[in-house]
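In this document, chain identifiers A, B, C, D, E and F correspond to the written order of the chains, with residue numbering beginning at 1 in each.
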Amino acid sequence: MINIFLLLALLSFTSDAAVNDFCVAELKGPDSPSGYHCKPPKSVTVDDFVFSGFVAGNTTNIFHAELTSTVVTDFPGLNGLGVSAARLDIAKGGAVPMHTHPAATELLIMVEGQITAGFVTPFEVYKKTLKAGDVMVFPQGLLHFQVNSGKGKASAFLAFSSANPGVQLLDLVLFGNSLSSELIAQTTFLDVAQVKKLKARFGGRG
Amino acid sequence: MINIFLLLALLSFTSDAAVNDFCVAELKGPDSPSGYHCKPPKSVTVDDFVFSGFVAGNTTNIFHAELTSTVVTDFPGLNGLGVSAARLDIAKGGAVPMHTHPAATELLIMVEGQITAGFVTPFEVYKKTLKAGDVMVFPQGLLHFQVNSGKGKASAFLAFSSANPGVQLLDLVLFGNSLSSELIAQTTFLDVAQVKKLKARFGGRG
Amino acid sequence: MINIFLLLALLSFTSDAAVNDFCVAELKGPDSPSGYHCKPPKSVTVDDFVFSGFVAGNTTNIFHAELTSTVVTDFPGLNGLGVSAARLDIAKGGAVPMHTHPAATELLIMVEGQITAGFVTPFEVYKKTLKAGDVMVFPQGLLHFQVNSGKGKASAFLAFSSANPGVQLLDLVLFGNSLSSELIAQTTFLDVAQVKKLKARFGGRG
Amino acid sequence: MINIFLLLALLSFTSDAAVNDFCVAELKGPDSPSGYHCKPPKSVTVDDFVFSGFVAGNTTNIFHAELTSTVVTDFPGLNGLGVSAARLDIAKGGAVPMHTHPAATELLIMVEGQITAGFVTPFEVYKKTLKAGDVMVFPQGLLHFQVNSGKGKASAFLAFSSANPGVQLLDLVLFGNSLSSELIAQTTFLDVAQVKKLKARFGGRG
Amino acid sequence: MINIFLLLALLSFTSDAAVNDFCVAELKGPDSPSGYHCKPPKSVTVDDFVFSGFVAGNTTNIFHAELTSTVVTDFPGLNGLGVSAARLDIAKGGAVPMHTHPAATELLIMVEGQITAGFVTPFEVYKKTLKAGDVMVFPQGLLHFQVNSGKGKASAFLAFSSANPGVQLLDLVLFGNSLSSELIAQTTFLDVAQVKKLKARFGGRG
Amino acid sequence: MINIFLLLALLSFTSDAAVNDFCVAELKGPDSPSGYHCKPPKSVTVDDFVFSGFVAGNTTNIFHAELTSTVVTDFPGLNGLGVSAARLDIAKGGAVPMHTHPAATELLIMVEGQITAGFVTPFEVYKKTLKAGDVMVFPQGLLHFQVNSGKGKASAFLAFSSANPGVQLLDLVLFGNSLSSELIAQTTFLDVAQVKKLKARFGGRG
């Protein structure tokens, strides 16, 4: 019969130096360019690798849409692994407006309903109407949108190529901060009146 | 009025050197460690970024399970972007047996039914029973499995942190090739009779 | 005296396999996610590593600005090295409008005049008035702008953390392609009249 | 004569900000996805870059084999450098059983004796009998083995493409933890009796 | 009117988990292979992204040259972004002697005067005389130099493909430390008298 | 009995798209920043993953040393895997002179004899006398050397963190090409007479 201690000797394992080939985030500590510190392996449980909560989102808001995401800050097992996910629900007539993810490609997997989605580059549009079973990819950093173009609600799952993708919603980035209306107009060619109207809607100051 | 040609001059754009911030795979050419060559931007269409075919899989096989994946070889827009996806259907009593993805982390998003899934390391098991709305991550390179532990069919979507993740199914790797039964037994501690039985089932030669 | 041939033997050098620790782009061939193929080392000259042409740009256009960039497609020695550069000239009253580089951080080094530059995130603005000797960094993928806020012309050098950074100019991305005015309005909350006005200026179709 | 202080001024060196182009691990602190924190350069000595202890391993165990490895946790100079090493000794009749390194390629350099080594993929085996002077590579994440197929002892040095490669020994991963015999059988197609026999040998619980 | 709180709900933003798509260095903490920890986003200001001090360097030293660099240790916004910069001033007759940057490619943008610059490999020299408007790239890790070959002062800006490039000045590396003259002579083929002469000039001990 | 064709259906395998989780170099084609193209999987054999030829080197040259390396250009299975190896033999009194590997860390594993090895940075030396069983790491891009300091021959194995590490031997880089003696003297502070003497020995022109 094999002696388990001899086996351990073979592999030079010690309780302190055990390598588990993962690095679950210690979320109480600081972040870094490569992610969070690793929790001690002995304090890791399966719940670090499971997230519960992708239920149908509440779309009774002005967008008629809801995005529920799970990234490393609420799903510590993703730390250092380069993936995260979200659930998207859009009621009839709703839309996820123009936005970018500066550090992640997005993959959209249709579950229900019909969504017209696309991304834009100078001079070109890559746009498609998607139904259940379709998958669409939005390359990293490019401006994209999703519109419910069907007759009922629509839902999809999203995957990202980063454990912590940011969301830069164009309207918030332009109209939700303290950039002056004149500077926005000068750098976007929008009319000042249009800018002021949207700053009022999106909470812009100054 | 702004002259579009002046605008182009501003950005030093030329038709030949246009950068579109993506690299759609030219699948007729060779692969490389970083992926396929880029198709000329002018020949790229939205269909390079959309995959259609995630329908319910046919589970009338011996596993009572079906995995439908979309990777760069059939979804060229994924080239260089580090993500891909799959749909998993498991009938009652079915299972996806032990396997690894040597170059990708897997994220499983439950859609319907109940799946008991897990990954294993020396001395530890990270196992959980999942229902609709749960998400589980299987770190890169670790052996994992998914079993339908519910009373009906189960389905899930999978995302991978690679545009072209390989699948190393343990039974095929051990029993589906020409490794001799004696060598398998010597390097796994399985009984030779057990090895021969499984080689017969999985098509192993020699 | 040392025999050079013995020396070569020591290092296992052969004329075919010589490694020069660089990979100059063969621009006639295809691009890939990691860059272009390497030219044969014997055909490489110092001119592959030198670009000439950062002269004062012609700013007699509607922006009163000119960006002259040198990226791998006209500077093959940059291939695989993760850097490129540009020269920026802005006449009095001019501006480089809102834009992103999806795959590169930008570093701006002021040479002459005064530029007010910044980048924006949801709810926050990082904006500064820069003079000769100042350096500002614009993190990868974030929307940013540069405005000549001085009394004369301004010039700066830019460095990018990519050999081939794309430029996504917001006005071109929104108003220079075939995206319909209605869809733009729905996904940006701009008024349709504003959208149509800018589509006319930036060459948008449909 | 050159004044050393002028020289330092030239290079903008200060004692606090000195960059030494290495990052020796501070092993008392936490790990992260990119490795350990850097020790202060002033406390670094040559001993951080040297490991002593690759002596002939004790092979008087049931495997007739011994693997002595040096990774970042006992060789702090490796931190962030992407390499580590091991010494392998296998007595006559011994073997290193099937295992994977999820995050590292392995390079084996034969020193003495004869080893039959190989890695396996679905349907294919890449197997060779190696003697002193042979080198074999086992690509990242693939299942592989080494068997002493000679008439005496065998030894080799191993190099890994990671400063901290994990070892997933197949028998321990399947039979050394608390996964139930029934679940193992269901996900491997092994007979339950075989599973129970091996769980007893490898210390599996439940 | 859109309610900003509903908008936030849409994006699952919370004040604690806000992702800003940058990681400004917390310079009081330790470094790591991927850079410094991130400062809390709320304490970040625009001044973290701006460096002031690229004035004409003082070249009244023995080299007639001055290099003023800005790297992550004095410009925290660069953390994790893979770029940094320097200003180079060389008086008539001055030079930056042979050196390498082990972890960064260097891009030199000429501003004023004339510099003869180059990098060297076994058997080949890549050397060019540069004037205002020229750009030259020095691939990572290769030995290179810059000499003022003009009739007046010369200046240039440098960009590096690392937030913290080290500088290995050949004379300091060979003659500025405690390596014995005999060992230097043995490993460089320089005469011992030459070595001792330069050790005296560059502060070498022993 | 399991039907192998159903099994293949489960995994969506097709003969054309098989992923084998390796990319063996097609050496007849061009190189790229990420390595060579992949050979078609069907033409790959185990011999692509095995190199034979690490025999004791011929040290009857002026260095009394021989370095036998195996990199991707003669060991195609290394392509994209980030490791390579070499065997080093140094006769009594011999040495490997000062050199760098711009793109690779080196790990030295002592086999026989005694070697005094080290790497140098401005102001510091990291030097140690090594015997059988010792391992030393030389961080990427730093100047280092190995001297046989024992009473007999010495041998070691080397591993590199790159499939194709270059070797920049300091004497060849300074004295083996067409850089003029005056320019070398100006950028190294060596005496012109010393430079000319070494140019004569190392084959320098001009």
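Here are a few things to note about the model shown:
Please note the rule applied: a contact is a pair of C-beta atoms (placed from the backbone, for glycine too) under 8 Å apart; a residue touches a chain by one contact, two chains touch by 3 or more.
Everything quoted here is computed from the prediction, not taken from an experiment.
The chains in contact with chain A and with chain E alike are C, D. Steps from chain A to chain F, taking the shortest chain of touch contacts, total 2.
Listing every chain that touches chain B and chain C alike gives A, F. Compared with chain A, the chain whose C-alpha mean position is the greatest distance off is F.
Of all residue numbers that take part in the contact between chain E and chain F, over half occur on both sides, making this a same-residue interface. Two chain pairs, B-F and C-E, are weighed by contacting C-beta pairs, with C-E ahead.
Chain D and chain E have Cα centroids separated by 35 Å. Remark: chain D and chain F have CA centroids separated by 20 Å (rounded to whole angstrom).
Note: centroid distance chain B to chain D, computed from Cα atoms, is 26 Å.
Among the residues of chain C, those touching two or more other chains are numbered 2, 20-21, 32-34, 102-103, 118, 121-122, 124, 127, 139-142, 167-169, 172, 176, 189, 201, 203.
Shown here, the protein chains touch in an arrangement that is not a line, ring, star or fully connected set.
The full set of touching chain pairs reads A-B, A-C, A-D, A-E, B-C, B-D, B-F, C-E, C-F, D-E, D-F, E-F. Residues 95, 97-98, 100-103, 116, 118, 120-125, 127, 139-143, 145, 147, 167-174, 176-179, 183, 186-191, 194, 197-198, 201-203 of chain A are the ones touching chain C in the complex.
Within the complex formed with chain C, the residues of chain E that make contact are 2, 13, 20-22, 45-47, 49-55, 70, 75, 77-78, 81-85, 87, 105, 107, 109-111, 118-119, 121-122, 124, 126-128, 130, 132-142, 157, 159-161, 189.
Chain E meets chain D in the complex at residues 30-34, 58, 61-63, 65-69, 71, 73-74, 102-103, 164-169, 172, 176, 200-203.
Those residues of chain C whose C-beta lies close enough to touch chain F in the complex are 1-4, 6-7, 9-12, 16-17, 19-21, 23, 26, 29, 32-38, 79-80.
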